[in-house]
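Take a look at the structures listed below.
Same chain, two partners: chain A is paired with chain B first, then with chain C.
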Partner chain A sequence: MTRAFIHTAVPLLAAMLVAGRAAAQQIDPRLERLDAATRPAVLALVDSARRDLLPTEPLVQRALEGATKRASGDVIVAAVRRLAVDLGHARQALGSTASPAELSAGAAALHAGASQTTLAELRHVRGEPLIVPLAVLADLVASGVPVDSAAAAVLSLARRARDADLVEFRRAVERDIALGAPPAAATAAAATAQSVDVNAGARQQRPGRP
Partner chain B sequence: MRPAAAARHVRTAFLAAATSLVGVRAPAAQTTGTIDVGVSTVRYDGFRPSGAGSLTPALTWAGTGAAVTARGTYLRFESGRRSLQGLVAASLFTPPSLLPQRWRGELSLSGGGSNYADFASFWHATGEARLHFVAAGRGAWIGGTGGRTSYGAAPRPVAVVGVGLWVRRAQVTVAASATRSFVGDTAYSDLGSTIHASRGRFELDASLAARVSSRGAGHGVHGEAGTTFTLGERTALFVSGGRYPTDPVSGSVAGRYASAGLRLRTALPRPHAIRDPHLPSRSPAAGDGGVGYTTRLEVDPNPDGSARVVVHALVATTVEVAGDFTDWQPVTLRRTGEDKWESVLHIPSGVHRVNVRIDGGRWTAPAGMARAEDEFGGEVGIVAVP
Partner chain C sequence: MFDPVDDLIERIARHLQRPVQIDPALDGRVMREITALPTPGGATALGRAWRWLRRRHQLTLTPLGGLAAAAALAVVVFLSRMDRTPSPAPRAESRAFQFVLVAPRATRISLVGDFNDWDATRTPMRRAGSEALWTAVVPLAPGRYHYAFLVDGSRWLADPSAPVARDEDYGAPSSVVTVGAGGGDS
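So, the complex of A and B:
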């Protein structure tokens, strides 16, 4: 009985392991767009990220982006590797509970120049999902706001501001920059002006007051 | 409409409208509206209690450094008599470069009138200047108001001076103010405090004030409280009540009330992934900054997860988009106008990378979008879909 079980179970188990490994290594058909030399390197990075429990879809997308833009294999592999590193750093900063979307946004913010410390502080001060604050941070830097100024502004708002407030803040910065304000000054002013009531003349009404 | 709520509605609208994060159409102005429908029991000082039904439409326009709010209230009492009130208020903020950092100036104008049962009517027109000092989580202001008000007779001058402080922690804002008002030969001082808190779908507002040193405007302590519960994108319930003082400026009579009702909001503006349609993008085929070529991208999400992608491109034969929502496979857009190309694509909520290609040239980030170096020698546009 025992021997028969061993004779049956062990090969079955081995087959399952092999099948599982093969499935894990199954090539994402989308990556067949990469050339033969580039594909294995990207696959290795994707597999490594999977083992580290990092989201792999952003890595695949980055490789596909490079392929579409006809970048060389070396450039594609380097870009995917940088993104994997940024995703890892984002998870270090944001914690193991961070969602894939948060990690992607965090990686973008890190790539823009934000520090892991800033990301960790954001996680500390804000209980809600960080996708919007991180995206605002990356967007500000992309608009020319110095990293330190952008990080200080987003951190100061993140504790109390909702996603809608942050987007409005971003919009105010954009507006002031368009009006000629230096990006850093526009960011500081918009961060503080967030708390100024918009319409002084209409402050007193309460819904339902007859 | 309560102004804090109005501002919040505007912000919420901007969330949907801002996409690069979360792109917004370049003119940067938004209009939002609400209609409050409610029932109340009210007792004005010197009058008998009465039930009333109310209808309060409000419209807020917010533009670059300015905002205008207009609202009206129609009240119908048990007796069949009716009251009409209307108010238009506008604020203009100084640009950030005009004053030192942390200081903002505000000029506001307010005009309104009310009419009760064809025999009592009031109007007022005032202007207020405020100087705000704002720091992280706290601020202060000092201001002065001047204008005219009328109770159906000759207009009387209005002058008000005031100071205020506020502190915000997490979702709670506490404010205090002191004002001294002169309306004709009436003079009075108000010391007041307010608190606003929000949690999830609930918002709570309460106020407590005392009228002191009054000559002709009454004395006493007044308090009001109200809460709003958001039901959906366009609907909310509100309950409020309390006692408020006579306002010699607007002509409202002191009273106590309890109200409940439904707030209907206008639909949120659709997001448009445009920041500045006037910025030239790169030339299509040549791949450099040619003159006369302008592309811009709009993304209009649909509730079913699809999105209408529109590219405006001058002098183009073919227009393609590619992004992480197409697995970076180029998608050729269909021409729907002289300079308009579009397609409907599945774009899930989130932050996406996107490029546009004109006539088979280089992949470029459309003008006006947030953009970043793409690590492949070019730029990529960033679009966030709410």
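So, the complex of A and C:
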């Protein structure tokens, strides 16, 4: 019996294992847009992220963005690697239950300069999905708001504000900055105004427009 | 009556009826030649594998062997599931987003971003109303997306009405759109 098992079943099981792995590791055809030298490095990063159960789609998109913008291979690989690291840190801060969209927004916030502690606090204070608070945090920092001011304001508002309120807050800050207000002062003013009427419920949901 | 022809035939027949002496090593030589001939499936490992695959095998298993086989199968299924990329949000959650750009002198504009694989051919923008206004509508699931406008195939433009994407890597400007799970879009 043992000999029959070794000669028949073991090769079949080995073939199944190999076929299963091969099917799972099919190369994403979109990455064929990368040049031959860049593709293996990006594939390795994507595979590594997949093994770590991180979302791989943001990495693929980051690589494709670089290819479309004609960035060099080294720059593309560095950008994808940095994003993979940020996604890993975002998951550490937001927990294993974070959705791919939350991890992506969290990675953007970390890249902007927010700390993992801020992300963890956001997770703690807000029961709803964190996509918008994290994105608002990253957007504010990109607008020139000091990261500490942005983090404090978003954390303060995130306890009670709806996603639409946070978006309105960000618009108010950007509007004031465009009018000449210092970013930190604009953030503090908008946060104060927002906290006054954040639960007024009078705002209509904005039409879908960036 | 003596017939010389009959005598000749008789002598030939006698000669043919004599036992033939065969080399005792002939059988061995013949079998060696046959063994050396190429077989239809090839004598290579591939050929042997092919013959093994076509041959019937009888497999008997102990319950323990059966459990081991089932466990191996479960491992295959687990590995293939584990390697799957986390799937994007269901399309049912997607909402239509309109992107607008004012570009009076442009002849063609593409909307390019995370939502269309940064493929400049996928989402061409169309003139809407006035000659200067270009629009495109894209369904977006909750998430944060980078995007930009590609004007006349060579010039990258960020969306002046959207947050700028912080990007030190690629140089060309991009913007960000965020779609909230609960309707807060920016």
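Everything below uses one rule, namely that the second predicted complex is superposed on the first by the 185 of 210 C-alpha atoms of A that agree within 3 Å, B and C clash if a C-alpha of one lies under 4 Å from a C-alpha of the other, contacts with A are read in each partner's own complex, and residues count from 1 in each chain.
Note that in this section a contact is a pair of C-beta atoms (placed from the backbone, for glycine too) under 8 Å apart; a residue touches a chain by one contact, two chains touch by 3 or more.
Every value quoted in this text rests on a predicted model; they were computed, and no experiment measured them.
Looking at the shared chain after the overlay, A:Q61 reaches both chain B and chain C. Contact with chain C, but none with chain B, is seen for A:P129 once the two complexes are overlaid on the shared chain.
Using the contact criterion defined above for the overlaid structures, shared-chain residue A:R50 touches chain C, although it does not reach chain B. Look at A:A36: by the touch rule set out above, it reaches neither chain B nor chain C. Of the two partner chains, both chain B and chain C are touched by A:V75. In the superposed model, A:S156 makes contact with chain B only, not with chain C.
Touch criterion met: A:V167 reaches chain B and chain C at once. In the superposition on chain A, the residues of chain A touched by chain B in one structure and by chain C in the other are 30, 58, 61, 64-69, 71, 75, 78-79, 82, 101, 104-105, 108, 111-112, 131-132, 135-136, 138-139, 142-143, 162-165, 167, 170-171, 174, 205-206, 208-210. On the chain C side of its complex with chain A, the touching residues are 57-62, 65, 69, 72-73, 75-77, 79-80, 82-86, 88-89, 95-100, 112, 114, 117-120, 140-144, 146, 156, 159, 161-166, 169-172, 174-186. Contacts from chain B toward chain A in the complex involve residues 1-8, 10-12, 14-15, 18, 20-22, 24, 28, 36, 38, 40, 42, 52, 54, 56, 60, 62, 64-65, 67-69, 71, 73, 75, 87, 89-91, 93, 95-97, 101-102, 104, 106, 108-110, 126, 128, 130, 132, 134-137, 139, 143, 166, 168-171, 173, 205, 207, 224, 226, 228, 238-242, 244, 247, 255, 257, 259-261, 263, 275-276, 322, 324, 327-330, 350-351, 353, 355, 363, 370-372, 374-378, 380, 382, 384. Here chain A touches chain C in the complex through residues 1, 4-5, 7-9, 13, 16-17, 20-21, 23-25, 30, 50, 53, 55-58, 61, 64-69, 71, 75, 78-79, 82, 99-101, 104-105, 108, 111-112, 128-129, 131-132, 134-136, 138-139, 141-143, 162-167, 170-171, 174, 205-206, 208-210, going by the rule given at the top.
Against chain B, in their complex, chain A makes its touches with residues 30, 58, 61-62, 64-69, 71, 75-76, 78-79, 82, 101, 104-105, 108, 111-112, 131-132, 135-136, 138-139, 142-143, 156, 159-160, 162-165, 167-168, 170-171, 174-176, 178-181, 185-186, 188-193, 195-210.
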